[in-house]
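The following pair of complexes shares a single chain, chain A, combined with chain B in the former and chain C in the latter.
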Partner chain A sequence: MAAPLTLLLVVAVTIRAALYRSSLAEVIAERVEVVSPITAWKRVIEGLALLDLGVSPYSGDVFHETPLVIYLFHFLVDYAEITFMLADVISAIALYLAVKEYNKQVVRKKQKFALEADRYPQDCLELIRSPKEMLYIPLKVAMFYLLNPFTILSCVAKSTCGLNNAPQIITPHCFKISFAVFLCLATYQSIYPLTLCAPAMLYLMQRQYIPVNYRRASFWWFVVQYLFMYLGSLFVLICLSFFLLGSWDYLPSVYGFILSVPDLTPNIGLFWYFFAEMFEHFRLFFLCVFQINVFFYTVPLSIKLKDHPVFLMFMQLAVISIFKSYPTVGDIALYMALLPVWSHLHRFLRNIFLVSCVLLACSVLFPVLWHLWIYAGSANSNFYYAITLLFNVAQILLVSDYFYAFLRREHHLIHGLYLKKKDGSEATLVLK
Partner chain B sequence: MGLLSDPNRRRALISLLTRLNAPICVLCYFAAVCWFMGLSFEPFTLRTYMSENAMGSTMVEERFPAGERALATAKEFGAHKKKVGGMPVDWLVKTMQARGLEVFTQRFSRTLPFPDENNERYIVEGTNVYGILRAPRAPRTEALVLSAPCSPGDDNNQAVGLLLGLAHYFRNQVFWAKDIIFLVNEHDLIGMQAWLEGYHHTNTTGMDWSPLQGRGGSIQAALSLELSSDVVTSLDIVLEGLNGQLPNLDLANLFYAFCQKIGVLCTIQGRIQRNDWDSVSGYSHAVQTMMLMVMKQASGRSWGDHGLFLRYHIEAATIKGINSFRQYKTDATTVGRLLEGMYRKLNNLLERLHQSYFFYLMPSLSHFVSIGYYMPAFGLLAVILLLRALDLWVQLATPPSRNEDGVADIEQSSTGVLSVLTPLVISHLTGAALYMLPVRFQEMAVEHFQVSETEAVVLTAIAVYTGGLALPHNTHRLISGEGTEQGWRVLKLVAVLYLAVLLGCTALINFSLGFILALTLVPVASFVTPHVPKLLSAVVLVILSPAFTLLFSVFIFQELQEMPVSFQDGWMLYLSVISQGILDHYLYGSLVYPLIALMVYPCWLLFWNILFWK
Partner chain C sequence: TFYIEPLKINKLGVRASDTFVLTPTPQPKDDFQEELVIRPLHSGDIYASFQFRTLWETDFMRENKVSHYRLFPKSLGQVISKFSVRELHISFTQGYWRTMQWGQPFLPSPPGAELWVWFQDSVTDVDAAWKELTNVLSGIFCASLNFIDSTNTVQPSASFKPLGIVNETDHRFLRYATLPREIVCTENLTPWKKLLPCGSKAGLAVLLKSEKLFHSSFFSQTVHIRPVCQDRECKTTSWELRQTLNVVFDLHTSGQGKREWSLFKMFSRTLTEACPLASSSKIYIDVTDNPQEEYFELSPATPLLSQAVVLGDRRTFSVYDLTQQVTFGTVRSLNLLIRWKSTEGECSMLRPLLHAERYVAGYGLQTGEIHTVMYNNHPFRSFPVLLLDSVPWYLRLYIHTLTVTSKGKDNTPSYIHYQPSKDRMRPHLLEMLVQLPPHSVTEVTVQFERALLKWTEYTPDPNHGFYVGSSVISALVPSSVAMDTNITQEQPLFSSFFPCKEESSYFVRVYTEPLLVNLPTPDFSMPYNVICLTCTVVAVGYGSLYNLLTRSFQIEEPNPRLAKKIANFIRRIRGVPLLS
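What follows is the complex of A and B.
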């Protein structure tokens, strides 16, 4: 499988390199859909200039990336393009390995079930995937990530979003300590991956055969161990940043900026229009509502999906990219890359045609309505926000559709594919 | 959420939609056409009204007295123009200075990609002269523009004369709160383009111009004046700008209000308004007026010198004086008073014109159709595409035979991707050739054939377009193996969705273009399959292709303008329209030519490919 992967990497890098050389790169780097105030490369350059002058890069309310990123680019600024391409390539390889690992695990689990007893009802055999079918999935995932136009745009715009994605992806296939470190790196970059703690812990517990049972001491011991490593490395990172800069003013400028959403530049998220329209005295309240919204879904999802940490992680990534304060298309690309992993759910998806049509149309309409609003002056912000809203509704429908399909498959695996009502007629599952 | 989650109801709805697909599509198409035709029926339209409070009433007193003097200046200007054989720059500078303006000039030059045979120009060099009347009452942060083109021959002398007269009169008034810029531009749109680029420090089309020495504030509104006779019978307002952009409706309202007040006959599309909307002839009059506007907007070109202002967020219109055989004439003093009134109203603006509509069609000057009324007509056409796509999706999702094993399935899907991707790439390459080749290869064509450059460009375009029709054979040669039943369905699904998104975006930017393209391409998209009779369908497909749409549009436009042409003249006109379209793209950045060449034509080729699927 190495040859197709290499070919894929070469193709992806070629496309990116060609786009870097074309005049499109400048246009893309200005698009609000691709860069947010946090991830814009222009702002990183500004921060670097301030740093070189001996001023704190966070003075002046332009730069909002973390200190580690600015020190990374302090050394690599001349090789920025290569760095971004490398970040994408590493992410893709990490995705490839992670999905491969996950598939192996799925197959092992199935073998175990098959050995133990006929755990699955007879008519469910067509639901169970053979290893042969799963052979190409890791490659498809890498392809979905690398050749997704969203990722390419994000990389060509030199949006640091690509760098933020890398640690989030690297997490799932490593050991406990590195798991904690990478997750903590992701959290350090943008706070929201905090919610990935839950799937990470569940995943590790599943691998070490620790039952998720809060009456057992081993469960709590594991949680404490993990949280200690996680918080410890977070502490180290924060202190490291402090020593690098010699001041704490990056905390309000990075995390305060993410949480309090002072910059209302239009983007593909839900925050900007809402907070631009709102009366000032409601701001704090709705800020809390919007931000809690991102974190809140962790609880019910973790309870419902405690046996399926990887699917939980997918759901969390999607929720983050929909509800975070400054989303860009790079965030969406991350969870969309995982869609091939769930290709076996396709027969249970209900609205995939509608949703993919809406997503496609919206992605094209973003620049058109932006043009009408900003350049032609004939449309206004309502037009653009309407499309943003539609785009996010479509994403939510997509994710909930996958969630429903996943639950339904699980249900069928236990109760048989062809459900019968009590009177013998064919039953249908309805979500109400 | 019942529809999205309840499987029984979904199944019922989907089976209904697939079973009645064809009748619903036909119904939608006719509903769309009827809706569109109904738009110009007066009870269905809205009366225009002034939305901008700052221009609310026409209560200004117009006192411009100097029409006769303006005409004398026009004669003098004409004489100097004839003497110099072009723009009399020195005379204009001197005259404007004598009227107390700050006068500046701007030189520009531009080599056209190929000679423009309509206007007989190739290497264009010229000078813009403009004078700024500084606002006495306010800081110089905002400006208004009054422009008049200096055309070759005896045209437009009166416009320049009136402009100078107004400048002289405005100079003595104290109530101006905005700078007023009086601009005389040479070589109509090219000069205007140079001046606007110089004013805004942009350079989008690679023209050479000297930087402007003097500037006013940010321009709020502009009027362009075209006047070629001493007296006029009516004034015509031209709104359609580059890429089908329109100025805010309040500008048209302002013009209409002042025409009513002063008692000047006013027209739009050169057609007088009629009051008998309930008679057949009155209705057909309104339909024709609106159709003219649709045609002009769809062409994407600027129909007056104002068209380029719109790109810079400046509301602008062209006012044309028309002298026909009517009894009642209006003299230059009255036209001057009208302009004075309009400028005094614009002078009162506190912010840019934004209150009224930007998306509208006008069946007459007093009535308009807003976006909410005309979009359903396009929406009904777009629904057809979505229904067809849904139908295809359902057909694809329920394959007739399901007894293949997994391996065969994977192979089939990979050839499916290949058989979709190949036509897509090839037709887009043809589109790119249509876009690049005509201008690149003109020299070679001129060497080898007995044609002029312009003809070479147009004929190359037509040749590439026709050559694209041979594609299906070549595509099939590239794909090893035979196209499957599944294959064309996937290709058609992609093509239909592509067309829907493409037309939707086009209709948002330029409704008329989107609607005309949808009218012809939607039937193509819905009926084409490899199983319909080949020859007949091929003929229908070609007749409904973008090039023929343009040809028909040329004839219909001439018919609507009451200047019907013979087929021979129509063909020559068609060729010149193509060359003008290409020139508009290279000179001013009009998007219609690249849109057709790079997107619409390849999309149409996909349907051509499906018809000849083997």
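What follows is the complex of A and C.
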């Protein structure tokens, strides 16, 4: 398997290098769909320039990266392109290894259950995947990530989204509790990966055969260990950042900025136009509602999907990417890379054709309507906003469709594939 | 002079109503001077500058409040003592001063309103004092200075040094704000005239009639308050209040086309007397370009001639002294007439040594570039200039894109002070010391990004654009004539405003044009629609996930009991076999 992966890496790096050298790099770096006020490379350079001028980068409202990023790019600013390509490559390799590990686990679990074959009804044997089918999935996942136009655009624009994605990917697919550090790194960059704590803990508990039962002491002991590791490293990182620049200025500038959304630069998310048109009286209320919206799916999803932590991870990543305050296409590429892992669900997907058409159409219309609004002056902000709405609805439909298909497959695995009504005719399944 | 004491009751209980007690008065320590300078410009327009100065030897900062005001206006005196103001400079300007056509003005001012104040060292909360001061001044001058808040106030670190007595300069006590959008009209002129001792009833102020003054190319009224030294050793200090009014009348809009200017044509009034409270009241006509009266003729003729060094040039002036009755002649009124003899043969104007322009480059509503172009027209001397730029927060400057080029080569500033903006709190402040090479053009460019504001933050006409205040360029320009550094020597008011520290250069402040920048706008008719639509999308997500989380799959058992009942009922009526 190493050879195709290496080939894939080489192709990906070549494409990125070619785009870096072309004149498209500057154009892409300015696109609002690809960069946001948090991740733009122009702002990183601005922060470094302010530091050179002797002014704190956080004294203004242009720079919103964490101090570790300043520290990193203080040394690597001349090798920025290599850094971002390396981040993408590392993410791809991490995805590859993680999915391979997951497939092994699935096979083991399935094989184990197959031994007790009477657990599964006879007719759903076709739902169970064979190792042969699953052989190429890790490669497909790596390919989906590296060759996704969204990822390529994000890398060429030198958006720090790529750096944010890497720890999120490495994180949960690790089998040691000490790897909570990576999740902590991801949370430190942007707050939302906090919700990935739950799937990470569930995955590790599954790996270590700890039963997920709140009445058991071993469960709580594990949770305490993990949280200690996680919160401890977060605390260390925050204190380290304080010592790097000598002040706590970065806390309101980075985390306050993400949570309070003062900058209304258009992007592909739902926040900007909503808060541009918000009545001042209700601003705080809706801000809280929208931010809580990102976090509060964690507990219900964890309860429902406690036996399937990897799918839970996928769902969480998707929820974060859609509902975060400053989304970019790099965030979308992250959860879309995991779609091949559930390619076996295609028979239960209901809207996949519609969703893919809408996503494709919206991706094409974004730059067109931006140009019409900002440069040609013949459209107004409503056009761009409409496409934003449509794009997000399509993503929500995609995610909920996969969730439906997953749940349906689980139902069939337990109750049999061809179900019949009381009178013997073919049954239809509904959610009740 | 004597003054009459109020009614007193003496010890005998007798009302001293029929006896007036006359006591000698202390010498009044205040002095009022008025001046009008008329300078014909080379483009055919005429520049008139009124200067009114009140000097008062008093101490506003002492414990007992000053209560007996004579020539100094009480409203301003109270402002000074209440807010512990050391220097106050406020100007209201309509129009833009065209340096290349008109030369340098005596007192420069940017379009709109500009206010800069030095507070005393004793002030503990400068921002609170500034806020109150702007509101009080807004009431005094009937102007909307209450729009000055933290989003357009800056604290320059090197420009705007005090113009009066300087002990030490801690720039924490300086505040500068400009309102480029402010319009000047009669409502602002009237309270300004009221501050004068004679009001608009006597003296030069009778010429200040708004229907002519606002029908001009340029109009500016200013008030400057500062402490000055009375003598060389500065043993006594007094407070100086200067009110200046600069106006440029356009040759062509005033009709007739004939090149002839008179007081009546400019101001629709003539002068009949000087202000009785003024110690000096003079009119100066700039006749430097007309030594032998070959270009224009001045009537009535005057024997008085004076020379003054102003703006680095020695100029000759014909003087009319209004305190002398002979000036008004037998008709008891003075209507100065300047008549040009021929329309050709103009001598060339002295090119201003320092000149600046500013414009916005780029297209679209996302990004742009501010270009400030400075011209040094001196043939062989280079001099440093201090550039002050205050850009509102919604134009996000990227300081790493700052480039300064002179004659095509990079010209690094020796001093840069940059304070980045905070959204909705303070603007960008950029100050640079740039050395301008001789006979060159220096261009300063900075890129910016336009922000999308909340719909309530736009002005009522959002597509008009947003104003960016003028850049201020301060410099000590080399002078071709030795300047007089003796402060106490009698000098005309218009040449003694900026303090002169050295003989070989004079202080010049140049203001660039304000910029008008468009920002992307949201659709203002749609707040409710947007809230509904976005909440709908969030609800779609919530609804789908809620359904999938709380419901489970079940086999659907059809149960159309009601429908079957209705169907059977209709079938019974029709007489058709029923459903099973």
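Points to keep in mind about this one:
Methods note: the second predicted complex is superposed on the first by the 424 of 432 C-alpha atoms of A that agree within 3 Å, B and C clash if a C-alpha of one lies under 4 Å from a C-alpha of the other, contacts with A are read in each partner's own complex, and residues count from 1 in each chain.
Just so we're on the same page, a residue touches a chain if its C-beta (ideal position, glycine included) is under 8 Å from a C-beta of that chain, and two chains touch if they have at least 3 such contacts.
From a predicted model like this one, the values you see are computed outputs, not experimental measurements.
Using the contact criterion defined above for the overlaid structures, shared-chain residue A:Ala361 touches chain B, although it does not reach chain C. In the superposed model, A:Val27 lies in contact with neither chain B nor chain C. Of the two partner chains placed by superposition, only chain B is touched by A:Ser378; chain C is not. Look at A:Phe353: by the touch rule set out above, it reaches chain B but stays clear of chain C. Put chain B and chain C next to each other and count what each touches on chain A; the higher total goes to C. Looking at the shared chain after the overlay, A:Leu264 reaches chain C, while chain B stays out of its contact range.
Within the superposed three-chain model, A:Val224 lies out of touch with both chain B and chain C [touch as defined at top]. Of the two partner chains placed around the shared chain by superposition, chain B is the only one that A:Ser130 touches, whereas chain C remains out of contact.
Once the two complexes are laid over each other on the shared chain, residue contacts for A:Ala49 go to chain C alone; chain B is not touched.
Shared contact residues on chain A (touching chain B in one structure, chain C in the other): 375, 377, 397, 428-432. Every residue of chain C that touches chain A in the complex is listed here, in rising order: 363-367, 393, 396, 398-400, 416, 418-424, 451-456, 520-523, 526-527, 530-531, 533-534, 537-538, 540-542, 544-545, 547-549, 551-557.
By the touch criterion stated above, chain B contacts chain A in their complex at residues 4-8, 10, 245-246, 310-311, 313, 352, 354, 358-359, 386, 389-390, 393, 406-407, 410, 497, 500-501, 504-505, 508-509. By the touch criterion stated above, chain A contacts chain B in their complex at residues 130, 132-133, 136, 350-351, 353, 357, 360-361, 364-365, 368-369, 371-372, 375-379, 397, 428-432. Those residues of chain A that touch chain C in the complex are listed here as 30, 42, 45-46, 48-50, 53, 55, 59-62, 262-266, 270, 272-280, 286, 290, 293, 297, 300-301, 304, 322-323, 373-375, 377, 380-382, 385, 389, 392-393, 396-397, 400, 403-404, 407-408, 411, 419, 421-422, 427-432.
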